[in-house]
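Both complexes below contain subunit A, partnered by subunit B and then by subunit C.
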Partner chain A sequence: MNNGKIVAGIDAGHLNTKAVLIKDGRILSYAKAPTACDVLAATQNVLNEALKNAGVSPDRLSGMYITGVFRNMVETRTLNVGGTVPEYIADAKGALFLDNKARTVIDIGGNVHMAISFDESGNVLDVIENDKCAEGLGIFYRNMAKVLGVTEEELSELALRATKRVSVAIQCRLSAESEAIDLMCQGVEIEDIADAIARFIADRVAAMCTYVALRKKVVVAGGLAKSQAVIKHLQNMIKEEVSVGDLPEYVGAIGAAVSYGGAK
Partner chain B sequence: MSELGSMNKQMDWKKANVIVAGVDVGSVTTKVLILVEGQVYAWSQVRTIAPKESVFNAINEVRYQTGLELQNIQYVVATGRGSTQVTFAQRTMSEISCAVAGALRIWGSSVRTILDAGGDSCKVIHCTDKGRVTDFLWSDKCATGIGRSMETFADLVKKEVTEIGDIALQSDQFPKLSDFCVVYAQSEALDLIRSKVPLKQVIAAYHYAMAKRISTLVARSGVKKDFVIIGGLAKNPGIINWLESILKVSRLAPKPEVDPTLIAALGAALFADAFYRRQ
Partner chain C sequence: MVKKESDAIIEKFRSIIENVTEYGKSLHEKGRVLAGYMCTHIPEEILYAAGIVPIRILTSHESQAMTRSYIHETYCSFSHDCAYQGLRRNYDYLDLIVTGSSCIHMGEAFNVWVRFAGFHEKSYLIQYPHIIHTKPATGFMVESFGQFKEFLQKFTGRPISDEDIEEAISIYNTNRRLLKRLWEFLRSDKPPLTGLEAATVTLASQVMDKQECNGMLEQLIKKVGTERARERSGVRLLLTGGSCDDLRIFELIENLADRSTIIFIDSCTAARYFWFEVPEGRSNKLEALAEGYVGRIPCPAKDNVPGTGEKKRFRLIKQFIEDFRPHGVIFIYQRFCSPQPMDVVGLKPLLLRLGIPFVDLELDTTIPIAQFRAQLDALVEIIKKVVP
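Showing the complex of A and B:
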């Protein structure tokens, strides 16, 4: 291994904290853990795990950069943080790093979702964030998997097998939860409920996207990008092809590292 | 005592003439309660997932403990949100009627106001000493799912739903959260954690906000004594504490013989008992 710079990017989000290690524009390793209530501990954990996965000793780390809603909670003194990056900038840089044709990133996270358009250098052109009643889609998805007694992956698979179209409320996730449970108690098939859940999420995100000009190519980041059912409905609603990379959850963390020279 | 269920070992159903069941399919848990000769004999409680299966799981739990088979149960009344999914029930009754019947049996005919604070909805019910419902109020949309959201909240702060109510009482001073919408309150609670407010205070703040939300509902319909609380939130000391102090009224303490979450199932079983005897 040569002596190139190894940069760590951390994304301290509402539900999960993610870490990536980047060297010479290449991703060495990544790790994630629940943020819970101790952002500092979560950051330490994911960083250690990423170092372990890459087989790199901590002293070879040339810098660590943080994004995510909890970024300011990570003590700069104890963890030797080089700098913080706003989420929308990290998302833009991360999305461009992973796909150089990307010009818009839709980030569907645990508590907030946003859409960011940017130019070919990753400079942010426009940002839109969800309105308050649409908050918590990731939390909603996780709750609904629990209510239906399946994993989050299974929820998406079930949704793709739906045969009947049923719907839940289009306003807030609490009324949607309540209506999904109503459907369940009426004996509606689990596939059809799962589909309604995915469609509800896509609907909320699509509604937000009408406030911003979506430049092509559109990519999706965040934990919910892994739900194929959500992506399927989102494409139909925004009438735009969207692509999901290999590491949708790590877009922010990658962007944080890239913002501070991790790419080169 | 099992977490899933329990039985009265002094009784023997094999010698009994009347064995009936109440099944309450709630949005979070499904409960089965068996009455033998009009006395509480056994109960079980399982998570509602697919309602039809959950009902059978709850029945199986009772079977496992007591040896009772479905064919030994002479009459079944179903209640709760998924009551129509209880295929073997002879009748269904509304949650309101069952809550009243159960509460009057447990606390006596002096009960005038019942707050049913369950997983999905909060209901305030007024009744007479004969168990006639004089008025009731259902939670509006923005107050939906307060019970269920306590689980989500506990999960977010990585605590057990059974312990957060006690933790909430450990702080006298805490910031105020939005008390109109549950989603806003949860989001603001996350903001507080982010701005390094101690976790205990955040938990207290969330409980206070939820108690405030429920209290506006109760206050709108008025409280007449005796006042009782049933449903899962009746077991959360934080919610109860602030609810009582905001409403300036004390509830009658829960009775050890029947858990507050089983009151509607008990009511359904009492109806089953009455219907069977009337046949």
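Showing the complex of A and C:
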């Protein structure tokens, strides 16, 4: 048990690596950095930054626990990792920690999206992950912001101002990307293209959600949870109110820490 | 300027095809029994003889991912979109849904309606032979059509007489002849209508009560032939391939940098729907229907001559090329459809031998307009050099 001690949770994701420090069920600090091709360096960086943000020296850490797609790569290297947590468990625990009424978490990340339902103790009841053609929604969103010459935040704001409904190919993100560019060539307004991009993402996530019983309350985690446009369309499509907390990107990292006693 | 009557009739056809729900509901309100059909491999005449109006299920062109949970991702967008129509309950006013065992993709779209869209108790799958160019195929179809007739008699609670079927055959043949006459205007170098207009009317005919449709068609043909100016067709393009009910494609093809006209469309949403007739006055009505449907321009999914691998459709396309004299050919087919693009592989050498340039357009729910336009402009450019 880690009572009264500081626990670090790390989420080594496709696009970003995130760290949180938790003590006595309270989040002390958090940090994130691009994972790029060196997950070890990214982990070290976010951990150092989180420690600095909290004003805590490394020797006060009682343990570091990892989740995310690269978790095993971090564990097998030189960092002192206390344990690893599968993403779906980390997401369930993290979502419940942040909102004790949550019973389903939809995580829309850089390369993978999934929906997890769980009970009041955070025990996982059902998990569904995206199909192959729908992979990489976060990467798609980032690329499209770049192509449109805006930031990811601006992309969402633009989408919310759309006036005309246009669509991009639904079968995979590569087709969607090429058709979004085709819309640009046709002179379609940037707001309407941004909306088509947000709708494509929501549509793919909503399709995945039909495979799982969404228990209330539904919360959304992951980087794309910050896109209000995506959330707006997702709510319409799954016909369910969804909630986005203050730290949607850190749900997995929090869950990793919580799984090893960080909430105590 | 006073609007020409032919323009008004075409506008009415367009309004029907763009508002199928409204049209279907208006028929329903008049007490008509309506059956949706998902594939043209069904003898509509038997439905009509039973007092039922067949309405083809066409697509909404609405991008959606909902159906990915119901049918396979790599099924064509036409089947996904048709399945979507059921799940969205867009056709809840229909009394019955029917299809023929044609392609797997549309079969699964049909199953979605039956399993998940409330049509479990009001659906019928007509068995259709896999290879139609064999002697036993006609016998198989006669038996299958007979079973369908029996089903409809039970469904409506009234018998279907030979006279009923003969009358339906006559009405449907009239419709086919009228549609054929409309398209034959496009054989001319100076046609009085565009391919887009002919395609619009043809699509509308597939969702309409045939007697109403015939009345409008007769008027249209009369007016088109007399009141319209004849303009040069420019680059003449023949389209061949799979189902395409997206009028934006035809609009795009006829609005390129240089003047171009669609002069023929070989697809199940165009010529394959009507370019045949059912023999009239036969004593065995079901046999007449089977013979008529076997004689259609075949769907690539059914078009295999046993033992030779020959495609009957290729011979017919060659004939259409001779009759309609296109400068270029556009292959249109649904992404993920197998039989259509495989026919394209076989047809390309034929076109190369004839010296006719061609281009492929792979269809999806959404259309990459800028990309397609570049391909089509390039085709026209090539044609202009070949045919100055």
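One rule holds in what follows: the second predicted complex is superposed on the first by the 258 of 264 C-alpha atoms of A that agree within 3 Å, B and C clash if a C-alpha of one lies under 4 Å from a C-alpha of the other, contacts with A are read in each partner's own complex, and residues count from 1 in each chain.
Assume contacts are C-beta pairs under 8 Å (C-beta built on N, C-alpha and C of every residue); 3 or more make two chains touch, one makes a residue touch a chain.
Bear in mind that the values here come from a model prediction, so they are computed numbers and not experimental data.
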**Request:** With everything superposed onto subunit A, say whether subunit B and subunit C fit together or clash.
**Result:** fit
**Item:** Partner chain(s) touched by A:18 [first = subunit B, second = subunit C, both, neither]
**Value:** neither
**Complete:** In this superposition, the partner of subunit A with more touched residues, subunit B or subunit C, is B
**Asked** Counting only touches as set out at the top, which of subunit B and subunit C does A:206 meet: first, second, both, neither?
**Response** second
**Request:** Return first, second, both or neither, reflecting whether A:182 touches subunit B, subunit C, both chains, or no partner chain.
**Result:** both
**Asked** Looking at the overlay, what does A:167 touch: subunit B (first), subunit C (second), both, or neither?
**Response** second
**Message:** With both complexes superposed on chain A, which partner does A:133 reach: first (subunit B), second (subunit C), both or neither?
**Reply:** both
**Request:** Check the residue A:34 against both partner chains and state whether it touches subunit B (first), subunit C (second), both, or neither.
**Result:** first
**Request:** Please work out how little space separates the C-alpha atoms of subunit B and subunit C at their nearest point after superposition, in whole Å.
**Result:** 5
**Touching both subunit C and subunit B, counted on subunit A across the two superposed complexes** = 133, 175, 178, 182, 185-186
**Asked** In their complex, what parts of subunit A are in touch with subunit C?
**Response** 131, 133-134, 167-171, 175, 178-179, 182, 185-186, 196, 199-200, 203-204, 206-207, 210-211, 237
**Fill in**
The residues of subunit A that touch subunit B in their complex are 14, 34, 36-37, 69-70, 72-73, 111, 132-133, 135-136, 139, 143, 147-149, 172-175, 177-178, 181-182, 184-187, 190
**Request:** Spell out the part of subunit C that touches subunit A in their complex, as residue ranges.
**Result:** 62-66, 68-69, 73, 77, 335, 364-366, 368-371
**Item:** Complex contact set, residues of subunit B against subunit A
**Value:** 25, 27, 47-52, 80-82, 84-85, 120-121, 141-142, 144-145, 148-149, 152, 156-158, 181-184, 186-187, 190, 193-194, 196, 199
